[in-house]
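Mind looking over this structure? Questions follow.
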Amino acid sequence: MARKLGLRETYAAMTRGVNWTPSYVKEEEAFPYHQFEGIKIHDWDKWEDPFRMTVDNYWKYQSEKDRRLYAVLDSFSQNQGHLNISDGRYLNAIKLFLQGVTPLEYMAHRHFMFIARYMPGPGTRMAALCQSIDELRHTQIEIHSMSPYNKYYSGFHSMRKMHDRVWYLSVPKSYFDDAVTAGPFEFLTAISFSFEYLLTNLLFVPFMSGAAYNGDLPTTTFGFSAQSDESRHMTLGLQVIKFLLEQDEANVPIVQRWLDKWFWRGYRLNSLVAAMMDYMLPKKVMSWKEAFELYFEQQMLDGLFPDLARYGIKPPMGVEQAIKEKEKISHETYWALYNFGFAAAFNTWIPTNSELDWMTEKYPATFDRYYRPRYEKAQKIVDENGRFFMLGLPQLCQVCQIPMIFTEPDDPGKICFRSSTYKAEKYHFCSDGCKQIFDWEPEKYVQSWLPVHEIYKGNCGGPSVPEVLDWYGIQPGDNGEYQGSVDQLNWASWHKDFAPV
Amino acid sequence: MSASTVEGHIAKERFIGVDLQDHEEARGIVKAIVRDNPEAKVSQIPGVIKVTCHHQLQINRATVEQELRHEWDTQEFNMSIISYIGDIQEWDDDHILVKWSTD
Amino acid sequence: MARKLGLRETYAAMTRGVNWTPSYVKEEEAFPYHQFEGIKIHDWDKWEDPFRMTVDNYWKYQSEKDRRLYAVLDSFSQNQGHLNISDGRYLNAIKLFLQGVTPLEYMAHRHFMFIARYMPGPGTRMAALCQSIDELRHTQIEIHSMSPYNKYYSGFHSMRKMHDRVWYLSVPKSYFDDAVTAGPFEFLTAISFSFEYLLTNLLFVPFMSGAAYNGDLPTTTFGFSAQSDESRHMTLGLQVIKFLLEQDEANVPIVQRWLDKWFWRGYRLNSLVAAMMDYMLPKKVMSWKEAFELYFEQQMLDGLFPDLARYGIKPPMGVEQAIKEKEKISHETYWALYNFGFAAAFNTWIPTNSELDWMTEKYPATFDRYYRPRYEKAQKIVDENGRFFMLGLPQLCQVCQIPMIFTEPDDPGKICFRSSTYKAEKYHFCSDGCKQIFDWEPEKYVQSWLPVHEIYKGNCGGPSVPEVLDWYGIQPGDNGEYQGSVDQLNWASWHKDFAPV
Amino acid sequence: MSASTVEGHIAKERFIGVDLQDHEEARGIVKAIVRDNPEAKVSQIPGVIKVTCHHQLQINRATVEQELRHEWDTQEFNMSIISYIGDIQEWDDDHILVKWSTD
């Protein structure tokens, strides 16, 4: 009997052994997209994939992951598990995830299939192929996992439509649209490295742990099921960067600029995650600031970047500002969501007193001075006159598409405005980072589909708020204040017979 | 510019590590890691077990099999891993090694 | 290619085709136990098993059931699911189940293995073999499913020891000991028919549904996983009865007496289930009375018994009394558990006002007149002087081993006492049914190991309450009042940060 | 003595039925039962779907397969059943039939 091949040999046989050089067409006809960005590759065989995932293992483990997930989902809905989450407010974080992230998984599926077809290196193609299938799986399991909630709660019904139309969802959408309209190496740097390696832990680990802590079995289960795939994706991300940096010194400045751009874009996207972590989890795992310090400062700045320094790579543009903003970003973002909550497909609310105390403890330098007074004032308004909303339309940053809500890095009392003029037109930005990204590629960003502009241009259902909300697919109950909402009233009535604690 | 000179950032000691699901099999793997990497530090947030080391973290099939009391393919690590910190430098039939490239 | 055998043919080939007649030993040497009860069997081939479970299907479906269960258990403990049950009080029902029922599963495993070896009919042997393996699986999955609670709550630690020693657990234990010391046909009538077919729905369906309603995923999941096996066991139960009745008319009176005995014994055992359903589930699925009417009166009396009437079988002895007692039995049983709760390995408590109102609604004929005043008085005593217990030892029924707590069928105000004299010794019973069972087999029941007698005989650790509790394996916190218990204090502290409903 | 003469018991109409888990596959089976047994009545308690009929209840593989949109072996009914009322009179490759022996 022949000796069974080891993992290393099996992987080599699959990725290198079955590769061939095209003879009916020229190499550059078969693979026409990997050169226009200026990246130089000399030896694709230097590509390494430490996971060494082979097709048989891939099917085996992925199907086992799915089997476990669906057993849990069945059990969850059989047990009316939705009644056992910590509080009805919690699900608003999940609505935001479903509306904002799930459609990105599908976009990732599509574009990794493109990479799997068009990259000349067989190792890269195999990794991208697996990731493409993973991302389709993630789309499916997220929809399946969250659908048990759709029966009982508002805001879960139209994520595809909302993703393409609703103002705050243009933040994640524009991030991904920017990536898929770049070249293949920039895409890999944007998604595989900047998002999956640098920043993914900030989204997924505290988010899933928060789901676990708040009794949300479906999200925890799909989340950790997806995360095991993400580990593989992180490896692809780190590998692509090291590969580019090692292949040719001329690649270094190109990669550095991509890192600068995509760190900042990803970090800005994460402001929604920051708001979710600090404000939307009734039982909190850790603050945004703590997560940023652990997952970004310690793991990336102290951990990863010394490894990249030997290639001449520096920590990305804007990192100092992000560090300053860790005291502020969740508060400034949630405050905006609260104020414009009439137009969001989830509910918002004023944190409870014990939650405000928690934030005072977690953010001693800023919370009591800048943010707590806002919520106390908002509570007073609610008590005296009921809930208020900012019914005007905010100015948006031309690059990250977030309203102008962020303050000057060194002054939490002053909104930060930046602008550039291009072809006699003035463009506005929330930060030096976004301005810089625009200035590097103004032709790209003048084309941005900005939700507020589109409303004014008459492209969003009509000029009035109800017309726009209707065009967004937002139904009564999806939006606005949580207290007194359909979800809150249902939650209270479902739990009125619960035993007192 | 090295990371430690980033304004406003106070550098701490560098570490590598793995984040695992808090489930039955992963708990056995954690025991094996702790046996083989005496400096390993284990911490926890809901649903997640984090194991970190300062220089390298090695997972040995043989030790995991002793802890789990059944055969274990290193590829089964895919069923437990959530995330990792560092660079996976080796993953073969007998070992998984996580470390940074520079020390 | 040969035609694939259908289900019917595969099953026939397996159970009949591979059977053989012993030639080295005589038939009666190989199968020595099936004749002494007086049962006459003429043709074992008339045995039918409608489930037609074959070995390959058996492994396939059982392993799939286990895979699903363990995925759910992993997910549950990963999510700290124990925090998401309806209330800490709920788990006392599960402690009672683990202490009382799980060891019975193991006994069933052992005795069905005996049946699988010693019954001459190959169809019977196959059904018993599968059931034996099932029961071992049930033992294992129950222990695995409840072990996540053992980390956090009292009363889950010593079920084997407790089952053999603690007073209220002698009720289920003596039931099974009675069955396994009978002949094989009586055992099958007792366990497979009376318990698994007649009464099992009263235990398992509302219990598992209650688990689902109270957020207890592990119990729901093992419960429904086990119940799918129980359906097969019900079939074995119905089949054995029809087979005995059809094989020889002389079997009819024997079977009738077994039915009379085992209905009453099983019904008495169910008084613990009645107490659990009405008192121990914070979120209630249905009352004992409703369950009894649906699962026993409608499904068995109206459904099954007309089918058995053609063989000359009548509804079992005591059924009229059980119908009268449906208004009383849960209240009388829980009151005893409450009073003797210092010696139980679970906590007891006074129902909340809304729970008392629920019982008033469900038991209009009795609750306000006989039982509510007791709990209101108990609450007054608690408020004024703290929790009281009946520190004396109760008199037990010689047959069912329940204390003398039940009232005269027609007078809920008067305790029912019955007695018989055998060999100049007087024996006491809770009911006409238990007295009749004793009178049929006094030699058997004079040997009963009665927990109270054994304490007085000095066989239970010593004469004082602490010595007995210690011998029982009861640790501080396992027993007594729930309010202020270790479990209640932990529960309250784990939930203090939960968002207000 | 027939059941209806038991003292204190008010006889109701006789039925047969199956109790199924309230999960994805079982919901498909229930749809198939309702299609093939028009008099079937479906009710629910937490975790459990109860389907009852007055005379007989037939489960047909072909209908279940239409509802589930995949192949279904009648033995897979073991993954959904919790309990049943009546007598399983037939269980072959194509059908499961529950009814009492006397009508």
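Going in written order, the chains are labelled A, B, C and D, and every chain counts its residues from 1.
Criterion: a residue touches a chain if its C-beta (ideal position, glycine included) is under 8 Å from a C-beta of that chain, and two chains touch if they have at least 3 such contacts.
Note that this is a predicted model, so its numbers are computed, not measured.
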Higher C-beta contact count, C-D or A-D? C-D
Which chain has its C-alpha centre farthest away from the C-alpha centre of subunit A? C
With chain centres defined as C-alpha means, what is the inter-centre distance between subunit C and subunit D in Å? 25
How far is the middle of subunit A from the middle of subunit C, if each middle is the mean of its Cα atoms, in Å? 52
Averaged over CA atoms, how far is the centre of subunit A from the centre of subunit D? Could you give it in whole Å? 47
Residues in subunit A with touches to at least two other chains are numbered 74-75, 78-80, 211-213, 220, 224
Touching at least 2 other chains, the residues of subunit B are 21, 46-47
In the complex with subunit A, residue positions of subunit C that touch it: 67-69, 71-72, 74-76, 78-81, 83-87, 89-90, 211-213, 215-217, 220-221, 224, 282-283, 352, 354, 491-492, 495, 497-501
Please give the residue numbers of subunit A that touch subunit D in the complex, ascending. 70, 74-75, 77-80
For the subunit A and subunit B complex, residues of the former touching the latter: 6-8, 50-53, 57, 61, 64-65, 200-201, 204-206, 208-213, 220, 224, 227-228, 230-232, 234-235, 238, 285-286, 297-299, 301-307, 309-310, 314-315, 319-320, 323-324
Which subunit B residues qualify as touching subunit C in the complex? 21-24, 46-47
Touching residues of subunit B toward subunit A in the complex: what are they? 1-4, 6-9, 11-16, 19, 21, 45-48, 74-76, 78-93, 100-102
